[in-house]
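Order of writing sets the chain letters: A, B and C. Residues in each chain are counted from 1.
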Amino acid sequence: MLAFIVHRLLSTAVVMAIVAVFIFLLLHLSPGDPAAIIVGDNATQLQIDAVRKQLGLDDPLAVQFVRWLAGVFKGDLGVSIFSHQPVGKLIGERIEPTVSLALTTLLLAVIIAVSFGVLAAWKVGTWIDRFVMVLSVLSFSVPVFVVGYLLIYVFSIKLGWLPVQGYSPIAEGFGTWIRHLILPSIALGLAYVALIARITRTAMLDVLSEDYIRTARAKGVAMGPVLMKHALKNAGVPIVTVIGIGIALLIGGVVITETVFNIPGVGRLVVDAISQRDYPIIQGVTLIFSGVYVIVNLMVDISYTLLDPRIRY
Amino acid sequence: MATSRRTFVKGTAAAAAAVSAPGLLKAQSAPTKARTVRAVLHGDLKIFDPIWTTANMTGNHGLLVYDTLFGLDDARNVQPQMVDKWGISDDKKTYTFILRDGLKFHDGQAVTSADAVASVRRWAARDGAAQHMFKRVADTPVKDDKTFQIVLKEPYGLVLEALGKIETNLPVIMRKKDAETDPNQQVTTKVGSGPFMFNEEETKSGQRYVYDKFSGYAPRKEPASGMVGGKIAKVDRVIIENMADEQTAVAALKAGEIDFYEIPPIDLLDQLESDKNIKLDILNKGGNVGMCRLNWLHPPFDKVEARQAMLHLIKQEDILKAVFGNPKYYRSCASLFACTGQMQSDVNTEWFKGGQNIAKARELFKKAGYDGRPVVILQATNIAFMNNASLLVAQWLKEAGVNAELAASDWGAVVARRAVKKPVAEGGWNIFITWGSGEGFDNPIGFVAHTANGEAGWFGWPKDDLHEKLRDDWALATTLEERKAVARKLQENAWSYVPMALLGQWAPPVARRTNVSGFIPIPAHVPFWNVEKT
Amino acid sequence: MVDAAGTQSLAPSRAASRARVWRFVRRNPTLVIGLVILGLMLLAALAAPWVAGDPYSMKPVQRFLPPSDTFWFGTDNLGRDVYARTIYGARVSLAVGLSVAILAVSVGLAIGVLAGFFRPVEILVMRLMDGLMAIPAILLAIALISLFKGSVGVVIIAIVVPEVPRVARLVRSVVLTTREQPYVEAAIASGTRLRRILLRHILPSTFSPLIVQATYICASAILIEAGLSFLGAGTPPEIPTWGNMIASSRVYLARAPWTVFCPGVALALVVLAVNLVGDGLRDSLDPRIARRM
């Protein structure tokens, strides 16, 4: 097991290197010039060229890449072309909102979805099954931003129960922190309820038809504990996989939610950086995220062994 | 050159220490909500050097944190701001300026003429209007701590107007050591002598930018008027929030989470108008004018007939209605100098009075020898005006028999591609859509889109020697009547050779909560002095 | 049905096939409903040039007309016919959904099976998949769209690339579980050829979760396209897709709800239908479920 983990961590480095090169090339080869954006709309070509030179953007790509990579190894992700703030500092400032949003969303989605999925699997074929499944599908067929606007309209403007937008750090009070996260979590979480619910249902159905479950039923063991102890545990593998995938998806979905609800997270940071072609930020964030994904997936793989002892590495 | 994280942090700490050292200059505790104005403007504030960039958001920052030597009052006359007394020599070649008493920078140092001269020289290295003037400047000697001069080689009519311009690049006054930064590099400190101080600690880049009232500011005695007069800060704190989503900003305004929104979408104005707590004002009467820049370097717009065809092709009313909906906030305008300023006229505008004439456009394209090649329009899909205008222009071109092709991308990619001078097939372009401020259009010298010096000029690269000569004449004219006459000549010539096509003028309102008032109407920027919250 | 004389009698056979169809519908209601809805959508999409009007023509003077006899779904902010755009939008949205699903599933399946079964492939490829998931889809979309000129094909590729790793991971997890099953171990022990094992034992166990995943991907692709349009990186705005119609009209939600409502309902219907089909297929393919029903 330990060897497995060490091995995976080593290959992480390789992966991140590949990602780094890919992102760097993608950015620098696609059109868009941060120098032209910095100097403003009414600047002349001469001014743009001078800024490019000064930012080192005219140096050969290999040189720029090595320069950046050298910095990364020293723990320095570079400095934003626009705001001159260190990329590490910018990411650090904005990690808390994104993680908060991701956690509350995932929690909400998992609780609702797993309950739906178990219920549907247990009552498979009945109208409860169909109703639950249709409900979860409907919840995911409206785009996140439309759900967001509708929620804001109903709960913030009409009823005034919850704030329209913004984020309150947890240090400033748990109550306000949660209040700002309720609507965004619902808007974003609904999309994942369907995915997680149906995978849960499928996995549960597979397990429920296993022989040992039928035996337990035949023996008259109460279904409740049977479901909880055996079925859920063995259905764990695909469920956990999907949750892992869900975390990955969240980073993408979080971008839209952060824009609609004006949450100052890393998603918006990257989107703003992309439209400005602020290369250091885009490169730095992507690099960090590739590391996060690898670690998350590692934890998912480890949890496989805990859930299903037949899987061994 | 990347600064390492540690040195940057040290640097910031040092800067923060420098600002906070004189105790009286720093706010003791966070001001209450009642004394704080939260505003959402039209973009994010990324660059803090108003001399270096033409970005309008930086102009807003400039007006908060810095002060200028001169400015325009609400009658659009140039008035002194940081300058106390000034005079011109008899031969009109030497301007002498004496600064006011009591001017201080946010770090406690007094403002001296050395700071002023260094800032003006830096500004002259960056700004088009300044460069036009400085071709004729011999020297800028510092006479004493409060006195300096601008000595010209020959008389120039626009010295004060240039120093008092409201358009970016703003001629703000920085500390000498900041102003001496290489003009090609941004100044990253935010120390000025304006009515507000930048609060580095509370600011979070990309989210909110915090400004505290500068208690050491010495306002002029006159009432505030336009960019000048007594700039009294009546609130303790101004927070500029970066809110990318328009619907969310409107909702936040209605819920009272923000106090001011600069660009409410026009189609949502009905909602806001019916809300008792919200008021709409037009601060910027000059608004903006849409431009359809044509690429002179390659066919078909290298031929004057093709460019003239565009004048008959475009129906400004349609574009304006599509984007802005409510005619209260827009107008068609045929003048080269916008329709809200002093240089406007209707000379040589028969093409406009005749209305949209696709048949005539088709004929003109044929005359220009148009051979059916694709005409590429750079379409910035993330900006509503540019997006919709491009769609309509493409539709009309197709109706006129032109093979119009839309190259959809975001504005960043458009900005990069419009700089390409190569032919279309090699990554060039024929048309791109943008806009400029109504104020800017009224100024043949200060506005970069009015140049016609070919490839050394602004994107589109129109070339016309008579136009350039007339621009010089305009700058050297000494009375308003003379300038108007030259402007008429400029327009008459321009609509014959057609540098670009215009797409109409619009002046959208800002939205504020009724308990926040005192916004002074000036073009292009939002000033926060005089604003109070009840 | 052939009677003793060897001739076919038509009437009973028609009744028999009708009965068979009815039985099929009764046993798989979800599948049938889903197929019907999808079928209607496809028909509408194919018949667009005859059924719908002109989706492109802009006449700003007739902007924001509510639904009426001339404009069944009203007009949008540029005066375009929302009904025409919704019907034409079906073409692109369905094409995007189906292409992404098919591409992502095929590539992901191949990678996942190989990775689940062969150690060296897993080590190399799965780490690459992990890295690929890190790249924000929007960055990829904007970059690809600016490199290759915005078009439906580019958007499809931009959505497929981040989906492939997810499919691969799911397939791999199923393969890992299946590999340990007694019948697979038995097959390996008895010397069955690898190809046979793969085709007969491993692949079929992936079908069930894959079908579910494929339907999700199809629906999600249509939604992602809407999200990309929201962020300004979707299909070029003149081409009507439900995604970019909703995204560009969202500002007018309160003022002209039909501009968002019509493509929105169409989108929700298709997503529902796709999921019903997936559900139905899965339920009828899996013998264990069929038995329980």
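By definition in this document, a contact is a pair of C-beta atoms (placed from the backbone, for glycine too) under 8 Å apart; a residue touches a chain by one contact, two chains touch by 3 or more.
Here the structure is a predicted model, which means the values were calculated and not measured.
Among the other chains, the CA centroid farthest from that of chain A is the one of B.
Taking the mean of each chain's C-alpha atoms as its centre, the chain lying closest to the overall protein C-alpha centroid is A.
For this pair, chain B with chain C, the centres built from the Cα atoms lie 48 Å apart.
Averaged Cα coordinates give chain A a centre that lies 39 Å from the centre of chain B.
Inter-chain spacing, taken between the CA centroids of chain A and chain C, is 22 Å. Listed for chain B are residues 247, 382, 409-410, 413, each touching two or more other chains.
Counting only residues that touch two or more partner chains, chain C has 142, 146, 232, 250, 253-254. With touch defined as above, residues shared between interfaces to two or more other chains in chain A number as follows: 30-32, 149, 153, 259, 275. By the touch criterion given at the top, residues 11-12, 14-16, 18-19, 22-23, 26-27, 29-32, 124-125, 130, 133-134, 137-138, 140-146, 149, 153, 191, 194-195, 198-199, 202, 205-206, 209, 237-238, 241-242, 244-245, 248-249, 251-253, 255-256, 259, 270-271, 274-275, 282, 286, 289-294, 297, 304, 308, 310-311 of chain A touch chain C in their complex.
Listed in rising order, the residues of chain C touching chain A in the complex are 30, 123, 127-128, 130-140, 142-143, 146-147, 162, 166, 169-170, 173-174, 176-177, 180, 208-209, 212, 216, 219, 223, 226-227, 230-232, 243, 246-247, 250, 253-254, 260, 264, 267-268, 271-272, 275, 279, 282, 286, 288-289, 291-293. Residues 1-5, 8-9, 44, 46-47, 52-55, 58, 126, 128, 168, 184-186, 188, 204-207, 241, 243-245, 247-249, 251-252, 254-255, 257, 382, 409-413, 415-417, 419, 434, 436, 447-449, 456-458 of chain B are the ones touching chain A in the complex. Taken in their complex, chain A has these residues touching chain B: 30-33, 36-45, 47-48, 50-51, 54, 56, 67, 71, 74-76, 78-80, 82-86, 88-90, 93-94, 149, 152-153, 156-157, 160, 163-166, 259-262, 264, 268-269, 272, 275-277, 280.
By the touch criterion stated above, chain C contacts chain B in their complex at residues 56-61, 63-64, 77-79, 142, 145-146, 149-150, 232-233, 236-238, 250-255.
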